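What follows is a structure written as structure tokens; I'll ask about it next.
By written order: A, B, C, D, E and F. Residues from 1 in each chain.
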Amino acid sequence: MNKNIFTFIGFDNEFEESQIVLFGAPFDGTTSFRPGTRFAPNIMRNDSFGLETYSPYLNKDLEDYMLFDSGDLDFPFGNPQRIIDMIKEHSKAIVNTGKIPFMIGGEHLVTLGSVQSVYEKYNDLHIIHLDAHADLREDYMGQKLSHATVLRRCHDFLGDGRIHQFGIRSGTKEEFTWAKDHVDMHPFSLDGLKEVIDELKDKPVYITIDLDVLDPSIFPGTGTIEPGGISFLELVGAFKEFSRLNNIVGMDAVELSPHYDQSGMSTAVACKVIREMALIAVK
Amino acid sequence: MNKNIFTFIGFDNEFEESQIVLFGAPFDGTTSFRPGTRFAPNIMRNDSFGLETYSPYLNKDLEDYMLFDSGDLDFPFGNPQRIIDMIKEHSKAIVNTGKIPFMIGGEHLVTLGSVQSVYEKYNDLHIIHLDAHADLREDYMGQKLSHATVLRRCHDFLGDGRIHQFGIRSGTKEEFTWAKDHVDMHPFSLDGLKEVIDELKDKPVYITIDLDVLDPSIFPGTGTIEPGGISFLELVGAFKEFSRLNNIVGMDAVELSPHYDQSGMSTAVACKVIREMALIAVK
Amino acid sequence: MNKNIFTFIGFDNEFEESQIVLFGAPFDGTTSFRPGTRFAPNIMRNDSFGLETYSPYLNKDLEDYMLFDSGDLDFPFGNPQRIIDMIKEHSKAIVNTGKIPFMIGGEHLVTLGSVQSVYEKYNDLHIIHLDAHADLREDYMGQKLSHATVLRRCHDFLGDGRIHQFGIRSGTKEEFTWAKDHVDMHPFSLDGLKEVIDELKDKPVYITIDLDVLDPSIFPGTGTIEPGGISFLELVGAFKEFSRLNNIVGMDAVELSPHYDQSGMSTAVACKVIREMALIAVK
Amino acid sequence: MNKNIFTFIGFDNEFEESQIVLFGAPFDGTTSFRPGTRFAPNIMRNDSFGLETYSPYLNKDLEDYMLFDSGDLDFPFGNPQRIIDMIKEHSKAIVNTGKIPFMIGGEHLVTLGSVQSVYEKYNDLHIIHLDAHADLREDYMGQKLSHATVLRRCHDFLGDGRIHQFGIRSGTKEEFTWAKDHVDMHPFSLDGLKEVIDELKDKPVYITIDLDVLDPSIFPGTGTIEPGGISFLELVGAFKEFSRLNNIVGMDAVELSPHYDQSGMSTAVACKVIREMALIAVK
Amino acid sequence: MNKNIFTFIGFDNEFEESQIVLFGAPFDGTTSFRPGTRFAPNIMRNDSFGLETYSPYLNKDLEDYMLFDSGDLDFPFGNPQRIIDMIKEHSKAIVNTGKIPFMIGGEHLVTLGSVQSVYEKYNDLHIIHLDAHADLREDYMGQKLSHATVLRRCHDFLGDGRIHQFGIRSGTKEEFTWAKDHVDMHPFSLDGLKEVIDELKDKPVYITIDLDVLDPSIFPGTGTIEPGGISFLELVGAFKEFSRLNNIVGMDAVELSPHYDQSGMSTAVACKVIREMALIAVK
Amino acid sequence: MNKNIFTFIGFDNEFEESQIVLFGAPFDGTTSFRPGTRFAPNIMRNDSFGLETYSPYLNKDLEDYMLFDSGDLDFPFGNPQRIIDMIKEHSKAIVNTGKIPFMIGGEHLVTLGSVQSVYEKYNDLHIIHLDAHADLREDYMGQKLSHATVLRRCHDFLGDGRIHQFGIRSGTKEEFTWAKDHVDMHPFSLDGLKEVIDELKDKPVYITIDLDVLDPSIFPGTGTIEPGGISFLELVGAFKEFSRLNNIVGMDAVELSPHYDQSGMSTAVACKVIREMALIAVK
């Protein structure tokens, strides 16, 4: 009898042979309103078995690709910096073997570690960021490391013009003002995505999707609910654009808080997002 | 058949005088992911009293027509074939008196019995099938009779070109491939419905609506959630097209699993679908 | 009036200096299907702290304006007339100081008291009414004062042509017929709103929003669910039109029943509606 | 009265031949905290089919007795007095044929109508009252007719010494003080029940059970939750005592609010209580 | 990087070295009222990480013993006999290596396969059965294989006097009558357990715990709720008695339906039951 | 301190005149399993209005005493030490005016700050600690400051023999072993409480109640569920014992996580605990 193996559906190959390495980052320590994203990776693995491996949108099947799920990182409590460092280290081990790290959050702060690991290899990195929130504060309630500051922290080392934001519909007036000079923000919708993809086609790109970019009607299971988001089909449209990118070097999908949606819909949506993202990144 | 005092709203006439006979088929024995559709018919009857009998979309009122609710079939356990036979027999008794059988599921497999009963009278039957899933597998986990094979089983006797599918957005690669040669599949949306209705205008048509054709944002209360569905208003648009059909000979609406949506929204949606469907079938 | 320390976010100024005075009317005594709107005002105050004070839609911030929250009215049981009188009296105290009363329901009947208070000052009052339901019955189950009759009761003293309804998608045939001769009803959508705003630009206008005008996919937390509603972004579009009105003299938002939506989404939506409505009314 | 096909399990005999007549009184118009008991009777009928008809506690089976379910009363809105009158009239029609009225609430105020109907026939009536709350206020928020005053209203015509209360654990200081002189109150538990039954053995007795007498651990689905209640087995013990009564002339079980307990446990408990109460009353 | 391993907490040893082999049997195909036990094993594994490995009741720690979790059986649909055969085969492979099979249900029918596998080796097998329901029907709705007949099917080959039932509080009159002559039934409570353990001390014993033996106040997450059950501490008392058995040869715990208890309590209880049962079986 | 208009019921006096000062400590930053206690204080204030101010258990009424609610502390993120310091400072301001601080958690770590503030004044302080968990670890996942270490941290300055624990039923083997030499632990139940109260009668005592000492059947709304707890009536019995203490110098009640119990029962229980605790501390 074999030991029990529990992976996201279709991510059941060996590490060495795989193109993409999935891992969970179950951290929600800076969540300001409703915590719970720590539960997302395992609940997604469980519910992923309600999903077909075939995507009719992309006409591709997870079973035709080599994909690996390395499980969840095991975090200590209390120190966001240490968690970011652990993520960075784990992700670097993936990047260094030429594979694509694909992280499931957790809250959005976890993106910082993963982006850092990729940036060390790709100095000309661009980030495509889909989110309801700008996440561009200099600090949040006195903290530099927060889900509300994470893209600002990425800007600290990436500099101007490298962060491309879509779907943003909530933030402080300061964030919206600061964004004008430093990042490429497309508020409210995905307008302009095609042009951005044209421009980034051959550049190394990290894609970070805060799932709350989706309208809460289809994704209520998240910490801070912001009506007025994009539809699932609009997100599928974005994925089709993403599939024109030739150099996706890292990805994540964050901020599912499954307990806040007892219908299971938000988790089902997140699982399908994982499937589509994997299928656009594999070649 | 005795008159049932606990009926769907407006379905309170006598059997003999009615055009449409509603009945419940509370079976979910082959549900692979999340069971619970067995509870749908009674919960819909109960919540239907929160519904107006008048449809402003169609400018018609249930109270102006003769409609009968014959209650739920009382199923034994364990043998899908026997359940299909019971449905067929009940539905045949309705068809034979020239009335329209209108079945509330239960899971989608129940459609097989109802279609069989209608097909015996109308050999040139066409099916209009709205669903998130193709339901075209040859077998599912070794079973020929399953919610995932039901339209394939209908194809077994109807043959090519008689099944018109809309809104399909999930299935195996094999189903999508097979569909190209054997059924009239319109994936993802209702595109092409107008033309199909033009063509079927005077033919005998059975309408089967797997309610998960709707986007889970408006209909999360179902076993297998598939984001990217049609909106309620798009479905109302389809109903307006359906009202051009001159020979609707049977109908069903299936796959509400009410416990998975505690807001009651999915049940309210299903009730309104029943009202609209009844109003397009009565003349 | 004492200052309330537990206020809706941003409504923390003094009464005297404020332009808008918010108050809760936690009454649901005539609710026919699912009661619970009595809980809305306090749950909204609590959850409003998950909301940013800045609106990127309007580029305005609650913190830049003077706003006051006078808390909830404390109602006795059983007598709808007395509750309407209490609301009228409270609202009149606000109107008389030249401020704008902004009421959070409670069921829709509470609108009657608030409209009466405003009408005493503005005889040429118009009402803009967004709702899923017409609320135009002459009586409901024998009662003249009901959530289902409230706009009819307003018509009793306002007369023809003063009530402008949008988004209506449910009612009896009689209501829809009566509406043609007496009110300006725009069923199903917001079509025609621009023209109505053009016409009412300089007239005194009371805005009443039954939140169930929104599609239940984004607002399931209400007593009577009606699919086919408008989206949140369509409502934001309406707010942009409203901001062209020069004389908003009263407002309300009613019919959140928070317990029916355990994800908290409906409450979050209602809070954002309050923010946007306040920002269009302040000058 | 017509036969209702949708009945509580086992209550499927004809009116004329039955000893007990069940009916629903879906009223919650004076509920002060959390409304919703209006939904109880129908949800209980539905879930009663998960119940065995045989009671191993009493070694009796519902199927061995003649029992009738006359359905729910259809109430207008707003006027508690009129609702009480309707209940009284319906219950009187049962009492006058020598049958036992058995009412399912609804809130506790409905008991008043049923007790009045019985009192007209039995002037020496005693009430056994199990409840968490004393319900002995002279008025509640200015109202004489309220769930919080209902036993006081019964006292108005029954007088001192006729009301025997058990399990009471919540009320005002005034209620507890007043009770000492006017009713036979046994606070907190069922202590003393045996002696009371001994005394009332041959007298006409009306039993009213506010289901919140049970501990909320087993019955959370109610409007006002009071920990420290009796266990289900203690209630079964009480039923065994009740079965020594020779002249039960009326009964009710009230205050299930099913939506507040999504596990269905409270409804299952209420259904079993109905079964046991029926079996102790039939001879 | 290792592949991801997902076991019940503490069951992380190798098969060969382990005394107990846990496995999941996620079948609920004959469930008559509320299905959902198919989800139990995986949700229990997930939530088991909220549990301490140390039992203060037994002063033993899972980490001090060799325990293996072989994952879930992968069942086809529709044929209960085939599922029982698969369980029997899997369990036999465990029994044949001298280890103790420990099955997590699923519905109670799964017990049949596991008992059969043990019986082949131990002809003098006794069953200790804790349950709310007798499960002794000859057939249920025409089916011989059902959760409601499972102990009767065990009796078919074990014969009289081998089944010792405790806590039974629901069934038909026939079951209770039949039990008197054929099984050792202790209704309502655990009374008599000590004596039974004395008697079975050195005999091969299979323990089957239908978790609904617990009162629904502590275990509402099950298909058929029966108030009046035993408390968790009474069950712990039973476990202490069980620890005097010298030859436990098989065990199971069945009928958790986790979706019906959204607090997670029922799952937490089931996890602790697994811990305690494992610790009494290891030596 | 300003008067807070939104207070716990009955805590509406002025600070200066009050004996007890309630405050909320909405922190859950070290919660290891299910976070959410940060929501407790405000939800308790809201639901406290479903509570009577009179306690029939103690025959005392909140309205007869002077009680003040100073609202919630407003915490920054991420640094447990800073949060403890803020609590200590706030509590000290209360202690220094001779009043009794009464804190509502939040997770159990908050107790450390409050105990420190009291200890500075009362060096001979004893703690009575009711809890399911020992909370005696030297560190938890590398952190010294954690909900799982809080009583150990209190022991750091109080020393042996000052901590009296009751109801403990979960922990590591090390905690239970360490406890034997350093604290006065009464596992599983309240046995021995009477004797401890006799001994501490005239000493300064701080009472900390982790509400999960209650059985989850009555209190499922908490982060880590442990069946086998005490009943509400046993807790009321403890309160009667506590009322013999002559020098209660501080109190808290922690670990309600209201979102995990949607029935509202856990919050109702917590509110009643606050009422009873206040009434035993006032003289």
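General remarks:
We take it that a contact is a pair of C-beta atoms (placed from the backbone, for glycine too) under 8 Å apart; a residue touches a chain by one contact, two chains touch by 3 or more.
Keep in mind that this is a model prediction, so the values were computed, not measured.
Taken together, chain B and chain E share the touching chains A, D.
Chains touching both chain C and chain F: A, D. When the CA atoms of chain E are superposed on those of chain F, the rotation angle is 120 degrees to the nearest 5.
By the residue-number overlap criterion, the interface of chain B with chain C counts as different, with under half of its numbers used by both chains. Farthest chain from chain C, judged by C-alpha centroids: E.
On residue numbers, the B-E interface is repeated by C-D, which shares over half of its contact pairs, out of the options D-E, C-F or C-D.
Between A-B and C-D, more contacting C-beta pairs join the chains of A-B. Taking each chain's centre as the mean of its C-alpha atoms, chain A lies 56 Å from chain D. Between chain B and chain D, the centres computed from C-alpha atoms are 42 Å apart.
Those residues of chain D in touch with two or more other chains are numbered 34, 215, 217-218, 262.
Pairs of chains that satisfy the touch definition comprise A-B, A-C, A-E, A-F, B-C, B-D, B-E, C-D, C-F, D-E, D-F, E-F.
Of all residues in chain B, those touching chain C in their complex are 49-50, 52, 54, 56-57, 59, 61, 215, 217-218, 232-233, 236, 262-265, 268-269, 272. On the side of chain A, the complex with chain C involves touching residues 33-34, 168-173, 176, 187-188, 215-218, 220-221, 224-228, 260-262.
Across the interface of their complex, chain A is touched by residues 1-7, 14-15, 21, 42-43, 45-46, 68-71, 93, 262 of chain E. Those residues of chain F lying in contact with chain A across their complex are 28-30, 32, 34-36, 38, 76-78, 80, 140-143, 145-146, 259-260.
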